[in-house]
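In the two complexes that follow, chain A is the common piece, with chain B as its partner first and chain C second.
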Partner chain A sequence: MRYLKALVIVVVIAAAAVLWHDLPANTEIYAPFDVTADEGETATGRNITATVTGVQIAAEIRPQNARPPRFDASGVWVVVTAEVTAVREPGLLRTQLLVGPDTYAQTDRLLPSARLGGLMQPDIVNRGAWVFDVAPEALGAVDTVVLQVWLGDERLDSRVQVSIPVGDVDRVDSVDVSRPVVSAG
Partner chain B sequence: MGATPGVGAKLAARVRHWFADLGFKQMWQLVVVLVLAVTALFGGLDSVNTKVTVFEPGEDFSDGQYTLVVDRAALVGEIKDGTRVVLPEQPGRHYLGLVVRITNDGTVPGNLLKEFDLVGHPDQRFVGAYRMADSTYNSALGPGLSEELAFFWELPDTDVAAGQSVTLRVWKKKFIELFVTYGKTWIDSETDYGEITVPVKARS
Partner chain C sequence: MKLWQRNAVGAAVSAAALTVIVATDLWPDWATYWDSTHVDNIVAVGEVGDADGQTWQVESIRHLNTDLPAGTVLNVVTVERTGTPTEMGCIGVITDGERRWSAEGVGGYGDLPPAGISSLCGTPGPVQFNFLLPGDVMPTAVDVTDAQGRILVRLLL
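Entry: the complex of A and B
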């Protein structure tokens, strides 16, 4: 009987070691729930409503009141204009752009006050732009890019996911980027 | 007449005798072996040997996340872009600037502000990374993008002189899933790094 116990202990430790090397990833266990939409459509999740109102690709941006007054991209600028509102409670706005296997964050060339971001409040509409500096090779290799937007901690919460066909995006020399506008409704 | 013991019972008896014959010291040795075996099962005996890759100015070096080419280092008292002061002059201090071409080879935005460790200057303060093209502050670089940047450290003006060299360390990185928090990120190796020694040009 004692030997059986010892065998059970050895098997349990070996099984624990095998499991340790093959645990499910946190990004699978706590993945957000995506609410999908196309450009121009409003998507509403548990605590977020978002609409992408326009997308442009340009070599240069001219942010309002910025110094220097214009910025060239390392790659190309993808400028996404949108409206975002919190639904139930305040939440910090987060966004990223997926281009094939690559993930892009907003450029740090714009001051935080010049970007659509910060704390979203229920029923208060924030209109503005997200600007991404994207490698042209990555952009040329895909038909669609995906914008993801969520409030606060994305784990097990709604995340708006907007598909943007690259072929439909306006390509211009320069884009004026206005500061975000906040309004009630 | 009793039945003849089976093979299993004989083996069990032999193992029991073997354990019974063990002395106190041998018991401890057995415990140590068992602890090491279990540690190895959970990855606790993975290699921890330090591996240093020495690279030179003008030479490509990949830390896994970035490929970088260090161009030059120089001392400066103040950094200006036209009339705009980027980093102001400070009494008793000067700036060490390191010009680097850096490319993000990964698939996520990379933090640039922890890329270099300046070795052997305890009174240093890392100031930031600035684009050579327009002197704007650059904290992150997207995948597939390449920038020429100047990294700046603030030092006492008695520390480092023109003609001397500075040594910098770049830790190798691995892209891994985080266990405790959420997401994937690049983590510095604890043992493997690249090291470069760069001659310092005169203060301007």
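Entry: the complex of A and C
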């Protein structure tokens, strides 16, 4: 009986040790809840509504009222036009583009006022573009890129995730990038 | 030591550890969240109320609709405030009972407040908040919060 008790204790401690070394990472524990959509579909989460209305790939962009009037990409420009609004409360707009294992932030070569961003408020729609400077080799190695959009702190909150098939994206020489437009939703 | 005594000591140590974790780790965040969703100080329409060592009263509400995004209205709320604030800085939030909108920041819609009136409670005295709202929203209250979102006072409209 005594040996059985000792065996049970050893097994329990060993199981606890194995479990301890296989705990989920904080990024998994606090992972956002992804709301998936395709281009043209509206996705609505707890506090965000977003629609990707267009995607283009170009070597050059022409931002509205910008100096210089044209920007060449280090790689290629991926220009995503979208509509975003908050649902319940204000939140800072965040976005990133996943290309295979790489994560791209939107380019900071455009002024903040030229990019879709800032504080989103309920039922006030912001229409504009995110512009990403993406390595052509990375883009050529994948069939689909994924745009992620959320408001504020994404932990345990909704995050819109839009899959964009690269083969379906318009490839053009140049893209006009308009300043964001705001209106009541 | 008998078994029940060892169990009692173990329970006491566990309870003490749990108390320390709750008090130092969980409680501050929970208290901040609670204060951002529950209001202790509510000032009725036309009344003067006390909060944060000051008196608060809605002095005026103006509705502007020029040079604004399509379908929106700017609600300019001026709050009369007297006394010495214990905390400098505040954020104005307007609500219709279901949704919440932050006041416009520097460079946002609407004019800067006139001299002697602050927009972020940066100085003692009256404060003005500019709220850009969809035209069909009927706001019911303005919350004055601190930087962490804790509601100092709710002013009914």
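Structure notes:
Throughout what follows, the second predicted complex is superposed on the first by the 161 of 185 C-alpha atoms of A that agree within 3 Å, B and C clash if a C-alpha of one lies under 4 Å from a C-alpha of the other, contacts with A are read in each partner's own complex, and residues count from 1 in each chain.
Keep this in mind: contacts are C-beta pairs under 8 Å (C-beta built on N, C-alpha and C of every residue); 3 or more make two chains touch, one makes a residue touch a chain.
Please read these numbers as outputs of a predicted model, since none were measured by experiment.
Following the overlay on chain A, a side-by-side fit with no clash is recorded for the pair chain B and chain C.
Once chain A of one complex is fitted onto chain A of the other, the partner contacts of A:123 are limited to chain C, with no touch recorded for chain B.
Applying the stated contact rule after C-alpha superposition, one finds that A:4 touches neither chain B nor chain C. Of the two partner chains placed by the overlay, only chain C lies in contact with A:89; chain B stays clear of it. Annotation for chain A, partner touching more residues between chain B and chain C: B.
Applying the stated contact rule after C-alpha superposition, one finds that A:183 touches chain C and leaves chain B untouched. In the superposition on chain A, contact is made by A:68 with chain B only, not with chain C. Contacts of A:19 after superposition on the shared chain: neither chain B nor chain C is touched.
Here's the short version: in the overlay, chain B gets within 13 Å of chain C at its closest Cα pair.
Interface residues of chain C, counted against chain A in their complex, comprise 69-72, 93, 98-102, 105, 132-137.
Contacts from chain A toward chain B in the complex involve residues 3, 13-14, 17, 20-21, 25-27, 30, 67-68, 71-72, 74-75, 101-105, 108-109, 132-135, 137-138, 155.
Across the complex, chain B meets chain A through its residues 12, 15, 38, 41-43, 84, 107-109, 133-134, 136-147, 177-179, 181-184.
Only residues 87-90, 119, 121-124, 181-185 of chain A touch chain C when the two sit together in their complex.
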